Amino acid sequence: MSSDQKVLEVHDLSVHYFTPGGAVIAANEINLYVKAGEIVGLVGESGCGKTTVAMSILQMVSAPGRIVGGEVRIEGRDIVNLPERELRKIRWRKLALIPQGAMNSLNPVIKIKEQMEDAIIAHERTRGAALREKVLRLLNDVGLPERVYSMYPHELSGGMKQRVCIAMAVALNPAIIIADEPTSALDVVVQRVVAQTLLDVKSRLGVSMVMIGHDMGLQAQMVDRVAVMYAGNLMEVGPVESIFEQPYHPYTRLLIDAIPSTKQKKPLKVTEGLTHDLRNPPPGCCFQFRCPYVHDECRQKRPVLKEMGNDHYVACAQFN
Amino acid sequence: MAAVASNSSAQLTQTPARRTGVRDMPWLNAKFVAGSIVILLTLLFGLLGPLFWNTDLAYTASSPLNLPPAWVEGGSPDHPLGTESNGRDMLAQLIVGIPASLKVGVVAASIGMAVGILLGSTAGYVGGWPDHIIRTITDSVITIPSLMVLIAIAAYVSMPDTTAMALILALFAWPGPTRLIRSQVLTLRERGYVRMALLSNVPTLEIMLVEMVPNMLPWLAASLTGGISGAILGETGLEALGLGPTRVPSLGMIINYALNSTALVRGMVWWWLPPIIALVVIFTGFFLMTIGLDEIANPRLRGYSNVK
Amino acid sequence: MTIEQPIISIQEATKIYGGGFLSTSNPIVALDRFSLDIFESQAKIITIAGESGSGKTTLANLVLGFIPASSGKIVYKGVDVSTMTRAQRRTYRKEVQAIFQDPYEVYNPFFRVSHIFSMIVRHFNLAKNRNDARALIEDALNVVGLRGSEILEKYPHQLSGGQRQRVMVARAYMLRPRLIVADEPVSAVDASLRAMILDIMLKLRDQHHISFLYITHDLSTAYQISDVMYVLFQGTTVERGSTGMIIENPRHPYVQQLIDSIPVPDPKVKWHTHISLPAEEVMRMKSSTGCRFYQRCTQHMDLCTRSFPPYTRIKDGHEVACYLYQPIAEPQQAG
Amino acid sequence: MKALRSSINHVPITLAIVIATAVAACGGQPAAAPQATQPPAATNTSAAAATSAATAAATPTTAAAANPMDYLNADRADTFMIDQPYKLDTFDNWNPYIPGNAFGWGMSEIGMDDLMYLNYGDGKHIMWMAEKVDSNADDTVWTLHLRKGITWNDGVPFTADDIIYTINLQQKNDKLTNHFYWVQWLKSVEKVDDYTVRYTLNKTNPRFADERISGGLGVFPDVFIPKHIWENVKDPTTFKNYDPSKGLPLGTGPYILAKTTTNETIFVRNDNWWGAKTGFAKLPEPKKVVFKYVGTEEVRTQTAIDNGFDSMQDITVGALQAIINQNSKWHAWYDQKPYAVADPCARIISINSAKKPWDDKDMRNMLSDVMDRKQIVDIAYEGSTTLAAYFWPNYPSMKPYSDLVDPQVEQDMLSPQLAKAEAILKAKGYTKGAKYWSKDGQDLAIQIQVPEDFIELQRIGDVYVEQLQKFGINATEAKLGAVYYTNASTGDYEAQSNWFACGSVNEPWTTLNQFTGAAAPLGQAAKGGPIDNQWRWSNKQYTDIVAQLGVTKETDPKYLDLAKQAITILYNELPAFPAAQSRKIVPFNYTYWTGYPTRDNYYIFPCNWCNLWVVAMTKLSKAQ
């Protein structure tokens, strides 16, 4: 089945940041795949390494970070260690990025059409009327009216700018889009409009997405599968319904429990504990300092991802 | 809450990974250190030079004329870097001239900075009409072509020594720092910790001195080093036009004499090149210090990004 | 019921930016005739909710005295805040404190964490000597679950986000204020730490009778902890009343849209309606006389542009500023 | 005196260096020094035709003469190029009475003729438009006899009417150059006939011919203007006198102004020049003469090396050495040091006698005693001038008067007299401390003002300041702009390095007279002339002697005696003292032309910026 085709595969990916105080393990042997037309959510709290994973998929880890192991396959081809020239061809055409705060990266004094056309010209031969057609179609795809074509970014609201960024990301029909918190810093109503746009684009173009976020509520609404990260490690991966229905990992449970509801008042669940020093991970499970179910085994042996059935994996000693 | 206290102590000993050592030793910025060393060496050249060389040779009529450097035919070991047409020894001139130029730069820039701190913090913190007046004056002074005015002033004021020169240069050294400090104060005023201090009933002066100034130090230092370069350049310009004080050599004065005596057509490279090299070295030093300080002041420019 | 003087009374507070003498830009009404009374006897968490540009931060700055009101006033124990003497202001500062969104920004990176405490100890004369001061600080830290020995000698960047925010709460608590303005206190901390901060707020309300002005864009946390809610839209209060009543049964079209837009943390309950916003140009035509939500409202009427809708009482402690409810609330009765 | 003009031409190269320095500091490439270039200006051929037609009509006998404007296209070999160190900002102002006019860009030099010229080499006059000048017994009536056949370049004859018109115009209008001179001296001027003019003076003046007719240095010589043009001019103080198409400015000289820009003036030869036609002088060989500004001294030097000039104005020793090292066709007055020819204005140190302690003649003598004049020549001039013990140039023509200086005094001036200076200071109660002489706890100090645009005077100041410092006087130097000249006039100075005793070239009175009269109070401008008694030294006896000298004939036996008395007082009191003979380095290029004035063939002072340059032009011939 073509929809089961894996567009993106990440195998044992490890990324370290080499700081004067020692190597920070920002991503530790991450395994992940994205099927065609699928949205995979990558969640975790700040500093858990989710942006690092996204950047290493794009081969855009900035110094002093470096990929120290593993591979990233786009449509079967490993792109780790590809020369920069090759990467430039792949980026955007196969792999597009909607960076965090993308809307602020638009140059406020250059018209939308020029910014979009420049981006396309840099990668494609489309010129003249065809180019204009294409830009207008893209704007239409993200639900923006035609007049946006000749407007300046400063004339647009945050949500509209973010939709322009989405249009730019899909311009070259990429196989996969990495969206880093695409709706953060937007008001809740606008967030919903942008989220809808993303879903529309996905269903219309059949593009795959990795959506990074920290809001489990939004993930529930948008993604097909969820990958939960903690301190550079993948803790649990599974279909979104399965994750919400039966979260295996204590950390996943914590994240779901922490979502405040507008439907019912419930007592606040307070947990405490600090993440370990990422330069010096403890032996065993990385969640041991915060886990209410921690036992001796957790302090000695690092749990690996184990399938619990139904494509749902968890890395926890309880289920090993 | 009991759970909080019970298991927190064990982990608290572990430092979080964010903000690594760079933050702790910000002044150890490579560019800043390199620049400081360069400036220190030039200073030492001027300070220690007189111990090894007779600086009286820096004055007119103290040496034979037009000797090339010692390693060139016709040169003399008594004047290793040669002499020029007024009978001044080049080595002695550099030993006297480099600190003289540095002094003008430091004095002018310091005065400019002091005025800038006064006006800039007043404008930024007090706001209102004082801000309006200070801003208007600063902006108009900044648009004046300073060298032209300096030339005009220098033509009517006799400059007996480099201090007078520094004072005149200081006339144009304040608007830059004023602007910078004003904008710094304006942004700092919106900072959370300034608001915290306000909420803690801290008086205005204490907020400015205790909360704001330490955070502006790198900016102030960067502006100061930049200002020193600017003042030295201004001094060199005036001196090279022959508008400076006479007798005690400065780098600009050496260049002025070289120009007036057509050192270029005479092929007396040893006359005009050393002061220019000295200036380039000094500017490079201050430039490195300035960008180093910029990086210190502005963590975004630092080589390390925080781990996400 | 005893009649008491509110400790803080915000009376028709209005803040207008720009449009002053020699200004070419149009004035922006950041906050329009906002009124609110806070009583000492019954500590409450009062939510000020709204999206960016709604005027909620302006309100916080007004209450904290960072900016003056353009009209209206804020009265503290019967004294207008803008005309306070130095001594009165000191008391006001002591009783009205704040915690902010970014718990890192509020620390001066040059000083150790203890600086934040020594400032208030000195300027409010909280203690006679070091030992007293230390005891006070320790006491305040214990309330938020921290120990002085663990944090006071550290630099702010050496603390975690949750610790930093808790220290700020402890600092505010140390002054035993009557009101803490909490400006988005949890929007920059991770989900797992969020509950902890909110829990401390509840504790301070219940055990130490401190009221909060909880300023947020997040209606769900407001629902969980707050007692009263004011929903702002472009400087105007569109709905106000008991938090539960508003969240469970919102009346104003804006509030309805707002609550409807909160993602439901259940993959089985997906958004079923599409919402769309009007064109940018239309949204920018802010009407200054009528209802500010007019352009975005799906149910707007001609009436809405004429004047700002009066508050209609839905129930006791639930009012909405919308003409849709005008007839229903026609038989006005005194509470 | 062009030497007084500012050296502002150093500004561009200086700025270029400063900019280059700044650029280099930022790691960029130094900017190239700007090269003076100029667009070719369009020539007005119809104008040329008009002028030549007029000439032809007036002088039908010389029909064969070429159209002067054709010479605009003359080859380099037929062209004479003269270096100009400054830009010509007022290239359209050719009214000799408007300050800042362009006359010095060739009109005075080759576009006009003087009545007669003085050769500093032998002190003799070269009769030019004047055939003869004589006076009555008491020198109160002077008669000028013009040559016959002089014509303006438009063909109209030059007659006594033009001279009388010029003098009357000046006498009537107090804004014109020589107004005050004529008002002071002239009773009347009459035309005897077309070729004879009679001047009747108010009082006796034996130097009238030198002052007026040959144009001595103390006052400005008359520039004769054509009556037939100027009598139609409404306001002579605003008339620009510039329209080459109408033949303006109109002169009598062998060259006609053809074209001007801010960088150059071009003159073409008038083949109908009266001098050649009357057979009185040779028609100059160059068909075209260009006065050209190319830029800074570096650029001028390079232009000279590339044969872009035939004659240069004053340049520095270094530049001269660079030129003669690279182009053997260039020669200066001397082929080795001092290279230079002496300029008429000796350099002096002026002391303000109204300021303490310099009101004491012993103190002034002490300052002179400290001065090492040999070192000034060696260092300030790099050996390019000669020692000076006189206030006047050491021309052969001045020798009889130089000999009047007491030999011992003169001898003492040639080397520093430090023992004498110390003795004076001790006698005055000064004691020598670690560094400086002091009295009543006050260090003896003096500030020497120098003009910032006059490098030569600065360098004298530099060296002298060091000499004073070494001796124990805290001397400082102040470089001043225009205020330097104001200070000289108002007495706002202690000492100045200047040339203000200038004037005498073949008689002593002009220079001696500079020191006469009552001094204006401090702060008030000195009256009666631009630099009159700026020393504020008043000596009635001296003033009386010099006044008497002024009305005594040179041939009178009393003459030398009076001069000696005055000179003795002056050298005893020293309101100023000589520092160095001034010099001009004026090299000539023998590539295209020969026949220049030289040390061995000193037929005229080698000054291409002087009126007398026309004499040299008639002597040049093509190099073979």
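First chain written, first letter: the chains are A, B, C and D, and each begins at residue 1.
Everything that follows uses one rule, which is that a residue touches a chain if its C-beta (ideal position, glycine included) is under 8 Å from a C-beta of that chain, and two chains touch if they have at least 3 such contacts.
Just so it is clear, the model here is predicted, and its values are computed rather than measured.
Touching chain C and chain D at once are the following chains: B. Taking the mean of all protein C-alpha atoms as the reference point, the chain centroid lying nearest to it belongs to B. Simply put, of B-C and B-D, more C-beta pairs touch at B-D.
We define each chain's centre as the mean of its Cα atoms; on that basis chain A and chain D are separated by 87 Å. Put simply, the C-alpha centre of chain B and that of chain D have 47 angstrom between them. The set of chain C residues touching two or more other chains comprises 145, 160, 196, 199. Looking at chain A, one finds that residues 46, 270-272, 274-275 touch two or more other chains.
Chain contacts: chain B has residues 1, 4, 8, 12, 15-16, 18 touching two or more partner chains.
Against chain D, in their complex, chain B makes its touches with residues 59-62, 65-66, 85-87, 154-156, 158-160, 229, 233, 236-237, 240-244, 246-247, 255-256, 259-268, 272, 276, 279-280, 283-284, 287.
Interface residues of chain C facing chain A in the complex, by the touch rule stated above, are 51-52, 145, 160-161, 190-192, 194-196, 198-199, 202, 217-221, 223-225, 244, 247, 257-259, 261-268, 270-271, 274-277, 279-280, 283.
Against chain C, in their complex, chain B makes its touches with residues 1, 4-5, 8-9, 12, 15-16, 18-19, 23, 191-193, 195-202, 211, 214-215. Interface of chain D with chain B (complex): residues 7, 10-11, 13-15, 17-18, 20-22, 24-26, 297-298, 301-302, 316-319, 321-322, 375, 378-380, 382, 447, 449, 452, 455, 458-459, 461-463, 465-467, 469, 476-483.
For chain C in complex with chain B, the residues that touch the partner chain are 64, 66, 89-90, 93-94, 97-98, 100, 102, 105-110, 116, 119-120, 123-124, 145, 147, 150-151, 157-160, 196, 199, 203.
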